[in-house]
Structures are given as structure tokens and as C-alpha cells.
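Listed after this line are the structures, all set down as C-alpha cells.
You will see two complexes here that share chain A, one where it goes with chain B and one where it goes with chain C.
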Partner chain A sequence: MGGKQDPTTANGSPKSEPTATKNTTPDLLNSFFSFKSLKLKTKQQELLLRVSILGLVYVLAFIARLFSVLRYESMIHEFDPYFNYRTTLFLTEKGFHEFWNWFDSESWYPLGRIIGGTLYPGLMVTAALIYWALRFLRFFVHIREVCVLTAPFFASNTTVVAYFFGKEIWDTGAGLVAAALIAICPGYISRSVAGSYDNEAVAIFALLLTFYLFVKAVKTGSLSWALGSAFGYFYMVSAWGGYVFIINLVPLYVLVMLITGRYSMRLYVAYNCMYILGMLLAMQIRFVGFQHVQSGEHMGAMGVFLLMQVFYFLDWVKYKLNDTKLFQTFLKITVTSAILVGGIALGVGTASGYISPWTGRFYSLLDPTYAKDHIPIIASVSEHQPTAWSSFMFDYHILLFLFPAGLYFCFKRLSDATIFIVMYGLTSLYFAGVMVRLILVATPAVCLISAIAVSATVKNLTSLLRTKQKVPQTGSTKGVGSSKSSSKVTLDQSQPFQKNGAIALLVGVFYLLSRYAIHCTWVTSEAYSSPSIVLAARGAHGNRIIFDDYREAYYWLRQNTPTDAKVMSWWDYGYQITAMGNRTVIVDNNTWNNTHIATVGRAMSSYEDEAYDIMRSLDVNYVLVVFGGVTGYSSDDINKFLWMVRIGGGVYPVIKEPDYLVNGEFRVDKGASPKMLNCLMYKLCYYRFGELVTEYGKPAGYDRARGVEIGNKDIKLEHLEEAYTTSNWIVRIYRVKPPTNRV
Partner chain B sequence: MMNLSRSAALISLFLLPLLSFSFSVDNPTDRRVLVLLDDLSLKSSHSIFFNTLKSRGFDLDFKLADDSKLALQRYGQYLYDGLIIFAPSTERFGGSLDSKSVADFVDSGRDLILSADTSASDLIRGIALECGVDFDEDSSAMVIDHSSFSVSDGDHTLIAADDLVKSDVILGKTKIEAPVLFRGVAHSLNPTNNLVLKVLSASPSAYSANPSSKLSSPPQLTGSAISLVSVMQARNNARVVISGSLQLFSDRLFRSGVQKAGSPNKYEKSGNEQFVTEVSKWVFHERGHLKAGSLVHHRVGETDEPAIYRIKDDLEFSVEILEWSGKSWEPYVADDVQVQFYMMSPYVLKTLSTDKKGMFHTSFKVPDVYGVFQFKVEYEKLGYTTLSLSKQIPVRPYRHNEYERFIPTAYPYYGACFTTMAGFFVFSFVYLYHK
Partner chain C sequence: MAVHTTLPYRFFLSIALLSITAVSEPTDLTTELVSLRSSSESGVIRLNDVSKFITSVATPRPYSLIIFFNSIDLNSNPLQNFRREFGFVSASFIANNNNRSDVTNKLFFCEIDSSDSESFHRFGIQSLPQICLVDPSMENLRHHERGMMEEADVDGTAESVAEFVESRTKLTVGPIHRPPLLSKTQIGVIASLIAISAPFLIKKFLKGETFLHDSRFWQYGAVLVYFFSVSGTMHNIINSIPMYLRDPEDSNRLVFFYEEPEIQLGAEALSVGLLYTGVGLLLAYVTDALVRVRNVNEQRVAMVLVMVVSFLAVKRVVYLNNWKTGYQIQMYWPSSWQ
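Let's turn to the complex of A and B:
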């Protein structure tokens, strides 16, 4: 679909002209329409087309993301969105002040979590505002529906921003192509399907809006655009931790502008206004607080801000001094002293601890191997893994080679705006290579730059075609074609293949774009619309089987356990247990306390006796494990187990990874290490599994997820007892017994 | 729905004491005790002991241990509140009774007096083992003591033991002057079990061996590691007495005089009767049984219990503890009850002061740490029922509007802020309108 819209943009206006002029047939109806179209001037026609295309793209972006609702149901996906949903529910029920001061005693037992001060409230507030607005308009929807559809709604809004951004950096054609590309780009859809109610859903919109407004501010030098950009930044800060990207990219851009001698008053106004106001606004978010002046990640922006003042001052001195030699010495003194003062201030700040050093996450962005060596908890998350080539191909498809072409066009027509988009594209693409989930950040840039390539190519080709047609018909008297094409005509008149070549190339472009549209639709429907809380598989007869074990287990917890029961599980499931099971958890997906997670990891990887002491000390009543041995579900706790060992061992050296491996190999069958075969996680996952025949022709206790027969079939539990196992064994819940009465 | 669950809760509230507690608060004297005997002649040979129990209001039901109609419960309800097993040689109980059902009986909160003797059966040993007591494996072994035996008999297996546990709660306030006569098998305590303790221990010179054969190897159990009579208080406060001697309870030893070897004191009557009576009072909860009301806490100056505290709140905490005197609930008086304000480790540990009417209270400031805390009263005192109470309460940090609005030390900053604003205004005005 994306491909089909492009020709209309390029050809629309010239095509309608000849039909209007040729209108002499007595067909009344036809004449009426042509009369109307005659009345519209070319510009108006173009506007109409543009608006209608944009409207279609807007709708398309929304409906392409509804596959998940059609395939499954209107539900919240994955892990983090459940927390967001729970907090949004709280916000709509209790109001903003309660939300702002919410101390949640149901997570991170017994430490608790100050929700209001440790989240980015932008998403929840946005959804709540939409909800309240709908209620005000007498649309009584459930808050869940609002949450489910927030991401598609903002994806639609992003397409509009992309249009304006594209228009700003190139032309309206590029803007429309960009809007169409971004509407269905899998890299973006993966994080914004209906139900994926995560921070990124609104953050990409905010990110692109901030960049667009900033570029606009730089272009116009207007305070009001810069102010708008500051507010966009504020919204971004309130929505996602990825705002750090903005606060580093914008200064970097300014620095590049300064170095390349493109410094201007417009840049000065735009950056200063955006930085100062954005910083002040960002400080209002509790989670961010004083980081803008205290954290190492934000120091670059401040340095560039100060540099800018020095630059301005020097400019002024130069203007006043009128003596180049004197100015040169003055320049030297000022620059060295400025750098010296800045360096000393930074050094003193860092040494005294006022400026915090870079965080591990930031380091791991710059150095992809950092997390693997130092912070297992970051490295353990699948979306923090370095990106594979295939996923670039999967998420970008043709954009992957349109991108360099777009860069070529950008460099060919260098301006403040194109420099910005080039820098945005290159830096974000690097980060996308470091971490899978940052593909998302790079997607808008890739779409915009690719749109420039598409738009510029198609425009060139069509102008070629048009001049060929026009030259014999109207002659050179009128000169409908632009000056560029007429100059080409004079050059290329001798080449008869040009027209055919252009047609072939155009067909090629449309073919590619339609392939892109097909690929995007397929990816969206097959890969990115799974809620991951409900699993789907193909049965033996090709029928679809739904595994709804997660919700089954969480509702069991909700209905059958005491309200103050504490559930221990690996942190992945923490948000879901609190949101759906409404029970207290020890650790959850907000991995703020590594020690606490390590304690759980230690309990899971210890023998039952030792684990029992840990669980007693944490007042654990239930233990929940996820097990895929029956269904062949591979992202279960046994496959995550080595990370538990690593994270646990990072804090408690008694847990040693080699104890669980045999010759560096992780096994669960007879050849597994004795510690592995008797640790709590193994026991809980495989309890009574040895009696079960999972697959025809295989022995009892055959683990389908790992394809082996398990090594310990005779598991006896001493301090725990099985409380519940879901129908497909995916979730198993155990009750922790009280200490024995007589010993 | 709400109503239903509430009424269900009410019903269970009424039923709960009837169903689960053997120690009935309303009618503690009317208690049914099953006595299992090897031989019905024990009924007469141990009549003093049984009669003291009867006189204290117990309803004794004598059964032979191999009675085929033996049952502790019917339709899921226990028929008895206490169990006395005076059948050391029984290999198998009759009816549905076995060592597991005896253990379940204890686990349901009911009390047990178990007496073994020389040549105790595996069944009895098994029950004792369940309670953390290990009888000497040699079935013909007896406790022999060549220095603290009873002179009257001249038999070195009749021990005159006077190493009693120092606890008024278990053994009563009046001191047991005369030594306790004991003839039977030795046992030791499971070192990992901290619920069981020796009430009557052997002297350092005692050992466990077969008196009729020569010692070929050093005895396994020697000295004060040997326990003669032990008690165990389970976590649910069920109490168990385990004795290595059945004769300890017999009329003959109750009445016989005693003179410990090497001691000039001669007593007309052994300490057995007093010892056995006091221990049976303890085991049947006539003494040392504490009951605590719920933990009550509130902010200073308020009466309602809040759902959440703020850091640095001042709070008052109180708990009522009563003691069963045998007839009624009396206020418990002690100065060693403590409360913890606990989150992974105690942040506050306070000794409660009592008003001598059963109320213990204290007040303290919530620490400057937020999280899910617990009020914990862990009261473990020798002989008394263990009180283990806890109540969860979250502690939150300050709300955004609970901080000081204007800080005096920050006045220079406020001043700087406003002068800058005024200065900027004046500057703009002058710059724009002054030529």
C-alpha cells in the first residue's frame, strides 16, 4: 500500500490538468466533476490530495496494528505493559496526587517501591487523559481498551509528524513517503501494536516531534518553535528513559554545526531555549529530578551550552574589536581558559560525587561488550542483545538499502536540516546495532532518509517522463516542466532509451515498494502481533492451539491464595503477577535492586534446604516457575536458569556457574551436573515430570523444549508442595510449607 | 457474596476453637484423655497418678493398647484431648492407631505422655523419635549409676535423680526436695531439635548398659547426655512428656522413701509424686499457657489503626497477654516481652512495659526507612507457650506536600531568584524604552 500512494503524489497534479482541458464531451455528470476540478486550482488539488493521502496513511497506521486484537483479543501484551496498565488503572481510580505519591507495598517485598518516583508517568497520564476525555464525551469505554489502543493511536500521530519532518528536511513528497513508510515499518510496529502498552508507544512520537520542532527552530530561528521543542522534550522525558538520546544527539548536532562553521543566531536561539527550558521542565519529573545537572550522561549538553555562550561572546568581541591579530590572541586565551574551567569543574564535580558517573546502561550502549562482562542483569534481557543482521533485514526490508541512497541525496543537498537527519540516522543506527530494542529509535530516521531516496528518485524519473511527453505536444513555448527538466531535455533528446529506462526504473521502484508493503503486513500479522502472554502453536492437523496458561495461573493465584501471600518467581513475571494475580512479589521487571534479584537467583539455584531458609527470610508463601518441557515452549525458566546463576553468583560467590555446567555445557539430562539435578529450579520444574509421557515414541520425562530425557525423574520435595500446575504445565506454582511442627 | 463470606467467617470463628484447639478455653477441666495400657493391672499399680488426674477433672478412658476398636478420631473429629501411652512393650496398636496417627494427634495440638521402659518396642521408639527423642538402641540396656542410686534398695539401676530443669513453669513453684526415683531406659535428645529439652537428667556418673552382662565396650550413652524424662513443646504448642521409665509413675515408687547414695538426707517419700503431678499439670496446659490478643498499634494521639505509616511517625504499640491459671485467664506479668519493628532485620527492638493487667505497650518512632515492615512479638520462654505474632504494615516515604515548604537556609536562593527576575524586568524595560 505504501508503494501505491507514491505515484499519486508525484503524478497527481499534472495528470488532472489535461483531463480538465480536454473536457468537451456532452456527458453531464462528467462535466460536472470536471467543472469542479476545474474550479480547484493546482495548489488546492495538491493540498486535497496531500490531506487525503495523509488521512489514509493515518488510518492505515492504526489498522495495521490491530492484527493482535483480531487474532487474539483486546488484551495487554508482554511484561512491562502490565505494570503500565496497573499504574494507569490506579491513576484513573485514585487520581493524580495519589498516583504521584504512590508507595507500592505489593512489589519488591519487603522493600516496596515508590512508584510515583520511579516511573516515567507520561504514558499513564496520556492514557488517563484520553480516558477522561472519552468519558467527558460520554464514551464509556473501559480503561483497558484505551490502554490497548494508545500505541496504534500514537503511531498514527507519528506518521503525521513524520510527514511534517520530511517536508521540513526535503519536500512534501518526501514527507508523504516518509509517513507511508513509517506507518507500516516493522521496526516500529514491533513496539506499537495494539496492546503493546509500553513507554515506547508514545515516546517515539515524542522523540520525532521534538526533533522536528528543533529542526524547525534551527531553520527559522524562532523562539516559539524552540519552545515547542522544549515542550516536546518534556513530554519525551516524561514518557521514556530514551530521552537521554535527545539530550546527547542535539548537543552533538550543535557541536558539529559549530565545527563545520554553520554557527548562526538561529542555532543559538534554538539550542539555548530548548536546552534551558527543556531542562527545567524535565526536572519536574520525579524520576529524572536533578539528573540534568548531576549525571554524567547529561554533562555533554551542558558543556555545549557553555561552549555556545563562549562562541557568542567571541563573536561579539570580534565584532567590537576589528583587529584580527588582537582577536586571535584573545581567542586563544578565551578558548583555553574556557576548556580549562570546564574541565576543572567536571573533574571536581565527578571527584566530589556531585556529578554521578555514567550508568552501566549508558556504558553498554557505547561498548556492546560491557554489559556481558560487568552487568549480567542487563545482558540477560533478550532485547538488550546485540542485533543480528537478519533482524535488520526483517525490520527494515528495502529501507536497508534505500537508507544509503537517502544519505547520498542528503549530502548532495546539505542543509541544517539534512545534517540533523543524517546525524540522527547514523548515531541511532549504531545504537540499533548495539541493542535489538533500539532498532525502534533508528526506525524514524531510517524511514525519513529512505523516503528522501524514494521521493527524489521518483521525482527525477517522472520529471524525465513528463518532459518527454510534453516536448512533442506543447512545444517549447509553454515550458510546463521545471527548469531542471527542460535543461535535461536539451541534453537527453538524443537518447531514445531514456524514457524506457525511466519507466523500467519506476516499475522497479513500485515493485520494491509493494514488496515492502507485503513484507510489512506479513511481519505484522505473523511475528509482531503475538501478545506473548497467550501462546499460539500449530497442532498436528494444522489447527491453531492456544496456550492460555499464564492467565490461568495468575487467576488461580488471585482466587485461591491469601491476599497478603508473597509469591517468589524470576523477575520476568513480577509485573504480571502483581497486575493479574494481585499478589505481592519479591522481585519484578523494574530491576532496580540487583541484590534482591540475586537473592532470588540464589534461592532458585540452591538446594532445597538452603533455598527454604532464604524463602523463609523473605516470607515467601508461593513459588512460581515457568516450564516449557511439555509444550516445547523455549523461553522458560530452565533456559533462563544460567542467568539466575550468573546474577546470583554476582552477589553471592557461593553460587558458581561451573557447578551447573558439564564441560562448559548446560544440560538437564542424565549427564547434567549433580548440583543442577538437585537445585530448587530443577526440582520445581521437573517435579513429577518423570511420570509424564510428553511425546509418542519417547520415554517418560522427555523434555520437548530441550529435546532430552531428564536426568532426575525421582524428585521429592521436602519443604514445598505442589499447589497448582496449569493445563499445559507452562506455569507451576508451589506452596512453601511452614516449618515442621515437631523438629 | 460479601455477606456470605462474612457469615462464613463468623461461623468459622465460632467453630475454630471447637475444631482446632484441644485446649478449650471455656471448659478446660472437662477433658477426655485416652490411656493406653499394656496390661490392665497397671490401672491399679499406677492408681495414684491416675487418681490425681481424675481429681483434677480429667475424664480418663482406659483401653488396652491392642484393643481392636482403638481410634483417636471419628468422622474427622478427635475423640480425645490427651493421650497417655503406658504400653512400652506393645508392638502394634489395635484398631486404626499407629505411630503416624499419634504424630498427627500431636500435630493437631493435642498432648501426649509417653512412657517407655526397658525392652521398649520399636513402635514406642518410633513415636519417641518423631518427637526428637532417641532411646538407647540396646533393648536390654538400662540406666546404671554407681554413685547416685537409691540406697534403700541397693540396686544401682534404681536411680535417685535430682538434676531437674530449673523452671517454675514446668515443675511448679514449690521446690522438689526429694530425689526422683527412676528405673528404666536412657534416651538422648536430637541435637538439631530445639523444641525438646531434658526435665530430669542423669548425673555425670550414669551410663546406659545391660546390667546383667559384663561391659565389653564403652557405653554409647553416658553422663549428663542421658535424659531420663524429657518434654517437648511443638510449634503449635502441643506438649509431650517422654519418660524412660514406667515405674516412675507407679504407686510403689511414689510411696517409697529415698536416700541418695553418699547423701546424709533421707526422705520419707520420694519426689516422684510431686514431680509427676507437676509435669502432668504442665503437659495438660494447666500452667504456662499464654494467650495473646491481637497486636494493636496506632499513631500517637489517634485510636484507629492506620493502613500505612509514614517514616518518622510516632506510634504506640500494645498487645494483651494472658496466662491460664488452671481456672481462669489471668494477666501475664513479665518484663521481658519485646516487640520488633522488622524488615529483613529488626529496625526497632523495644521491651514492652506492662500495666500488670495483661496489657503490654510501648511507643516508638518509625525509622527513616520505607518498606513493608512487620510488628513481631517472638516470645519464647522456657516452659511457656511460644508466642509468635506478627502483623504487616507498610511504611511510606513523605508525600510531595509533606516536606517543608520554605527552608530557612534556602532564603538566599529565593532572594537570588527574585532579584534576578526583577533585574531582568528592569533591564528589559530600560533597554527597550530608554534611548
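Let's turn to the complex of A and C:
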């Protein structure tokens, strides 16, 4: 950061924060590198420092995410990653062509699922490429290891992009700070620890890369950067549905630039190239298809594209027509007709059904109450809940305090790049407030803006310290808007107090940053490194107890059931059953068919004989439920049960939520509603539980997850029989009996 | 039902009738109800005297009452929204049957507040929202099941109430009239304002002189969006969470902070958001603006002030966070300093 020595100019203007006194550090460094043979020039020293810091950050970003591997083992986490892993395995075994045309009959029985047309293949292809590359280099690793480590690897790459992005919008110092901040920011780590093999793992890298290249393109007006950004966009589209954020943010940015009178040829080149090429490339992804020209979510981008052409055209006409009056009339006519034509086209498109209206997920971002009222399947997912302030605190820590400061500095030195980062930061922060999971998207922006705050603060303070020794010096500064603002920072003869105050503040800043590092490490190790497929708890003596029931159950299914058996469970476990148990499921985490899920929800919330008919109609052989009453595991099926009722009731009105509640309260003890006590889910979870003493001093049948004694201890099953219960009762599997012979 | 129409019961009832409502004839009661209704805005009568209009009138009464059980103290938004919807049904019923007093005087819309605990007890109300139709022949309020609106139908819309009324009373409510979001004059004024100002705005815009070209506007907007987001306001809007709660044990005490990581109250969110924003802006102010102040004393005072304020604010946020989540978040200072 410190040792760059710019040629000083002698224009006499009092200057300047970035290069005010670069002479002291080189001396220091020179004495440090005092080997005669190794003597480096100041610029080289600076480069060396920068590269080594970046290298360290790169390594840090990787190793900070390995807690889960060290603590448990190298395994895939959670739910969705199991599907990704399964498809990647398929891809490496059968090749890309087969993968692209894969019809999966093992999920969504009896409907099946066309895998190639309903997924974002970016992640799988990336992992497969890494795998093939490693094999080509004669590193014979298992594909699972590649999948487990893909997320940390891409997180490391993201830090590099963050560095360049920070350098682009502010300076190298901000770049380095941004890289360091994002390397360990909990908001990002939460989705990129080793084993969380999910789309977001590569998508955040792609997102930041696209933005960086686009900003670079706007800054330089060069076609090659715009081309790069189009390819970055293509990678993003191939990796994650969150690309919709890019295709709306970029046009919004362009629109703001147009409104604030910052239209330029550079912007024109960057946006047009990026939009047209990006759109054409994105159409190659089957899951996205022609949405770019058909769906309402993408229409904003197209509108801005047309607006750009109008602007350019007007510019051209203005240049050709020298008469201002003539131009004014012309302007009026063009603007009115453009708006008219656009409005009519949009109206006709929507009315004729050619342009589809916004999807529920997108709509729920703009009108956040929408999902809660209309789409229970979205509202039921815990990561789609709106964010409370404590989550922000948990994921951002001091970045939250630095963010407004960073905004302030950005506004002090407005340029095309800072406008972009401010817009990115604010929109994503708003979305983060709507849905917890979108904190992830906001994290890079928050890190970058906070890095600006840290960098600018440190720079201001150190220059304050240095001006004591040197009379104000001048230096050339890089960047578009920097000369204007930096000249404002006039540091005349500094008083002794200033120096002390600056030292105190500097110490404070570094102290805060060190605390941030500690917090991040702690959060990563405590909260974000649990695979959730293997559960850990603290025993009575503080020792760690591992519950490996999920895998036990899935391997049981794999070993002990016929290969064509169909397993019914709530959709959360679908991916895991197909990936680890290798059995066909009725519904899974790809929640594309609400009716099918509702059918399962209805079966779970009906009486056994009614459920039996439904299960027979779906050819179900086994039913799997997750139950935490013995271990006190709270995210089990009983706690998810109301969502099954709601989703089931959304399609089949026979299922009514009040039937399962008592005075609006959900209970499983003696006071529970009769329907609740006799529905299939209750019976399957609590079968034989009434005989079991779970806790000392409590009656038999004491449910530790809900802290009550259950209400129905004498459960008889008529059409199902218990097939397997794991060692801690977390997973229970039942076999559906064939119908009795009719005599 | 049969049990309560036994002779002693009847006898008791007639005694009660004689003693209390000796003066009021049913027709008088109807006129009284009509006058009460006309004095209320949406035609919903605040029923303070249940015995006068229901229990002490001999059946069959000349009118039906549909009662909305309300609770102002509960301070629940959905309940009050439902109450407003109920008001729309009442107003629509009167408006749609305007010239037919024989219809409008058959049914009166009433409400009973939970402060009238005696009436709540009489009807045996356990949960809210609840709507009850007291038809002309109903005698015992405790056995009112047939008059109760079914729980599944109580979905908070005016339509459901209207349907309920029509199915039970054979009276027609007709289409529900909701007041438009903006009245016609308002729309007219707004439209004309836009029409008048449009040329000026466009002219200004083309010249590049609007507030949109002023970076300060964007700056304030940015800070506002930040404040709005980090305080979790969206959380409160989506879950329609009130600003504060009343302490269930002591109704005079207000609860502003809620000890549960996933839930927050409105006032809590705003105060934490303010703390965040304040500290952030102070930091920017100190490092960017304060260094340019020439007077040393001014600087000194400002600096100390800023430090103290930031320290307190951060301490407060950390304290709240630890208290709320139960997580011991990493301190900004070693824990031994606490």
C-alpha cells in the first residue's frame, strides 16, 4: 500500500491523500531489504508487498472454510448439494451429452424430471472440468473431494476479483482491504464452506466478476472488457437463478446514469455489447431459454437498451442539426413516440401472453408481503424469511458501521464506478432485508464499500501523521473523479493534537479490524461449519456427541430395499434419498410441482386409511419421517408439519389448518386436536414412542424437542409397519403393506 | 336447547323481562337501534347493553343482530382490519337497501369490545376474531353455536361476512362498497398537478437541473435505504409487527425489545438501525470532515464527543445482540473489561 513513489509535480497545489508522503516508507523498506543484491525499486517493493498480501488472503479464504472438513469429514452438506453432487457424478461418468439429455425417473415419481432442461449446469460443469483437469495432470482424486472443495476454491478466486474491483472503484489499498474482508466475511462463508456444494458457491464469483468487468468496460469504453463482462454474465446465468439480479441492476444503473446526465459513449458501448452478447449467450442455457425476450423480469433491460438507442440517435441528430429550435421539436416528437410505442408493445405483449408476467419469487422481492399470502411453498423455506437486525449483526459485524462511512466517501468522490458500487450495495442490501439468504448477494458490495471506508480512513489518518514531517506535497492521482475531491482535503500545518488523535483513531481502526477477524473465525467454526446431515451436540460432560442417523437410514435404504422401491417423505429429504439411498422419491427439493407436494402433504396430514389410498395411488413402498423427540432435534417433521398442512390445504381444501390447532396453538400433548393425534405424520413419528423414557425424571413418551409428554401413546398401525428406526430415532422408515387379499 | 326451555327457566326469564324491560316495547327498541345506527359512521352499533336488546326481549325479537367481537386493547392489526371490513359490510347493507326500512330494520350490525368482559362471558367468547348472529329466536347466548360464524370462514374479508349473513338471514347484502384508495377529487387534483408541472419538469430535466442531478439527494437516499435495510424494517412490514407490545402481566408497561433472535419489534429495529447509521456517519465525519476544521479546540471537543457517542452506541448494540440471540458475540474489547 505504502511505497509507491509517483513522480511529483510542481504545480504547487496543496495535495493530497494518496501520495502525500511516500518518501518515509521507502526508506523504511529500503533498510528492511538491505541486501545489496536484492535491492528492489520502490515500485517493485510495493508490488511484492501487494502480491504477497493478496497471496496470503487467497490462502486464508481457502483455509478458513475447511473447519467442517477438519471437524467432521470430507462430505457434502445440507440438501441441495446432494442433488448437485449426484448430477456431477452422472456428468463425469456418462459425459456431457448424456447429462444434457438426462431424464431422471428416480425423482418426482411418477412424473420424472428432465434434468438437463431444469437445472443450471454451471456448477456441475465447473466441478467436472476441475476433476478432468486434475486427472489429466495425474492427480487421481475422487469427484467427491472436488465437489467438497469447489466452494472454498471459488471463494479464494472471489477475493482476487474483489481486489481488482476495489482497485477499480477506489485504489489498490481499498482493493486489498476488500479482498481481506470478503475472504472471511461470515455472510459469504455461510454459503461457501467446504462441502456446501451449491450454485451460490460459484455464482458469487461469477456475479462479482461480471460486475467488475462491466465497470471496467464503462470506465474504458473498450469492447473487449464488455465482451469479458458478457461472458461473465453467461457463466453467471449458467450457474444460478440469481442472474436476474444482474440483468436488472445493470440496466437500472444505466438508467440512473442517463437520468443524472452521465450518458457517455463508453456507457453506450459497454451496455450494448454486454446486453446483446450476454443475452444471446444466456439463451444457450436450456433452463433459461428465451426468457430474456419473453419474461417480464427481463423487460427492463430491453427497455433500457432501446432507450440507449434513442439517446444515441438524439445525440447524432443534435450533431447533425445545428438549429436548436428544430432539435427541440424533434426531441419532443421522438420522446413521445418512443414512449408510446414502448408502452403499446409492452401492453400488447403482456395481453397476448407473449411476455409472461413476473414470477412469484421475483414479485415477492418487490412486494415482500406477496409470498406470505400467496405462495406457501416459498414462505415455508426458512432461508426465505425476512431478516431481523441481529442477523445483519451476525453476518456483517463491523462492516455495518463501516458501510455508511463508505457510502459517504463514495459520494465524496463520485465517478461512474462508485455510482455502480453504491447502487449495487443499496439494492442488494434492500433485498437482503427481504430474504435472509440474499445477505449473500449483498456481502461483496458491503465488503467493497466498507473497504473504501477503511482504506480512505487509514489513508486520511496516515497522511495526517506524515504531513507533520513534510510540508504538503503534491502528487498525481489516478481515477476519474479523484483530483477534484482530493484537492479538497487540504492539510495545512497539522497541530500536535491532530497527530495524537490520528494515532488513537488508527489504533482503534486496527483494533476493530482484528476483532472482526476474530468474530468471523468464531462464527465460521461455531455456526456455519455444520454439515446438517451429521448432527453434533454437546454431551453432559461437554464432550461432542455425533448423530449420524441420516446416513445410517439412507444406507439402510440402499442395502435393504428393492432397487425399484418408491420412498415417500417430505420434500426436504428428496435429494438426499436419491443421492445417498439411490431410491426413487415422490417429491424432492426441486419444488417445481406444487400439486405433487400438496398430495404428499395431504397424505401426511390425513388419517391412516385415507393416506393409504393416496400412497397406493402413488405406488409408495416406504415412508420416511424425521423425528427429533428422542434427541431434542428441533427441525424435524413434527415442527414442519403445519407447513405440510398449509401446502396440502392450498390444493386440497379438505385439509384445513384449524383442524390441527387448538385455539390457534399447535400442540402434540394431551390437549392436541383429535385430528392431529391421529394423522399419519403423528402416528409415524410417535409409533412406539409412548414406551420410551427419554429423560430421567420424566414420564415415558416425553418429547424432548417440544418438551411435552405426547398425547397419544397407544398408536396402532394398520396399513404400515415399522421397517427401520435409526439408533437415535432421528429417521424412521415404514413399509407400506400390500393390500390384503379379498376373499 | 330443550333443557333450557323448561318451565323454571321460562319463569325466570319472564320475571327478568317484567322487571327490566317493562317500559321498552320491541318497536321502541328497533327505533332506538336505528337511531344508534344512524349516529355511527359505518352503521356499526357499539353494543353496551346486551341485556336490553337481546336477553330481556321476548322472542321472537323483531330484528337480528350480527355481533363482531372486538378488542381494542389487543392492538392487533389483522383484527382491526377485519373490523374495518365488517364496517364495509354494514355500510354496504344499508346503502344497498336504502329505501327499504323493512329490510334494514331487520338486521343491525353491532360490536362488543373485550372491555365489556361480562358480555364476552355471556357469549362464552374464547378467541378472536369471532362473529355471532343473534337471530330473532335465539334465547340462550351460551348455546349460540348455530349463530357463530365457522372458524374456517372467518378469513377477515367483507365478502365472507356478507355470505354468512345472506346464508343465515335470507336478507341480501349486495355488492360490497369499499372506499377507493384516493377519492375522485384527489385523483383529479393530482392528475392536473402532474399535467401542469410536466412541461416545467421536462424542461428542467433536459437542462440538467433537477434534484436528480444533485448528488446530495442521492446521498440522503442512500443512507435512508441503508437505514431501512439494516434495521430489518422489511421484516416488520412482511410480518406486520407492531412498534411495541404491552406487557401481558402489566398492561401499563410497554415492551420495546423482544428476546428472540428471529423476531423483533418495530421500535427495537428503528433504534438499532439508528445506532448503526449514526456510528457509521460519525466515522466518515471524523475522518473526512473534522480533519479540515481549523480550530483545535473545536476539533478536540468534536472528537471526544464522537468517540464517546460511538463507544456507547457500539456497546449498546453488542449488549442488545448478546441479550437477544444468546450468542456471546465477539466483544469489541476483551471480555475482562466488562
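Note that the second predicted complex is superposed on the first by the 678 of 743 C-alpha atoms of A that agree within 3 Å, B and C clash if a C-alpha of one lies under 4 Å from a C-alpha of the other, contacts with A are read in each partner's own complex, and residues count from 1 in each chain.
Keep in mind that, in the parts below, a residue touches a chain if its C-beta (ideal position, glycine included) is under 8 Å from a C-beta of that chain, and two chains touch if they have at least 3 such contacts.
Here the structure is a predicted model, which means the values were calculated and not measured.
Engineer: Now for A:536: first (chain B), second (chain C), both, or neither, which partner does it touch?
Structural biologist: neither
Engineer: Which partner does A:111 reach: the first (chain B), the second (chain C), both, or neither?
Structural biologist: first
Engineer: In the superposed arrangement, does A:101 touch chain B (first), chain C (second), both or neither?
Structural biologist: It touches chain B, and chain C stays clear.
Engineer: In the superposed arrangement, does chain B or chain C reach more residues of chain A?
Structural biologist: Result: the larger residue contact count on chain A belongs to C.
Engineer: Of the two partner chains, chain B (first) and chain C (second), which one does A:617 touch, if any: first, second, both, or neither?
Structural biologist: first
Engineer: Output check: A:742 vs chain B and chain C. Expected answer is one of first, second, both, neither. What do you get?
Structural biologist: Touch partner of A:742: chain B, not chain C.
Engineer: When the two structures are overlaid on chain A, which partner does A:405 contact: first (chain B), second (chain C), both, or neither?
Structural biologist: In the superposed model, A:405 contacts chain C only, not chain B.
Engineer: Taking the superposition on A as described, I'd like to know which of chain B and chain C A:464 touches: first, second, both or neither.
Structural biologist: second
Engineer: Mind working out whether A:663 is in touch with chain B, chain C, both or neither, as first, second, both or neither?
Structural biologist: second
Engineer: If you lay the two complexes on top of each other, which residues of chain A touch chain B in one and chain C in the other?
Structural biologist: none
Engineer: What part of chain C is in contact with chain A in the complex they form?
Structural biologist: Residues in contact with chain A: 126-127, 151-152, 206, 208, 212-213, 215, 218-219, 222-223, 225-226, 228-235, 237-240, 261-264, 268-269, 272-273, 276-277, 279-281, 283-288, 291-292, 294, 296, 299-300, 303, 314, 317, 321, 324-325, 327, 329-332.
Engineer: Report the residues of chain A in contact with chain C in the complex, numbered from low to high.
Structural biologist: The touching residues are 259-261, 331, 368-369, 372, 385-394, 397, 400-409, 411-412, 414, 422, 426, 429-430, 432-434, 453, 456-457, 460-461, 464, 488-492, 495, 497-498, 501, 505, 511-512, 515, 518-519, 522, 656, 658, 663-664.
Engineer: What part of chain A is in contact with chain B in the complex they form?
Structural biologist: That would be residues 97, 100-101, 103, 105, 109-112, 114, 116, 286, 564, 584, 617-618, 738-743 of chain A.
Engineer: Write out the stretch or stretches of chain B touching chain A in their complex.
Structural biologist: The touching residues are 103, 106-107, 130-132, 190, 192-193, 195, 232, 234-236, 238, 308, 343-344, 370-374, 392, 394-397, 399-400.
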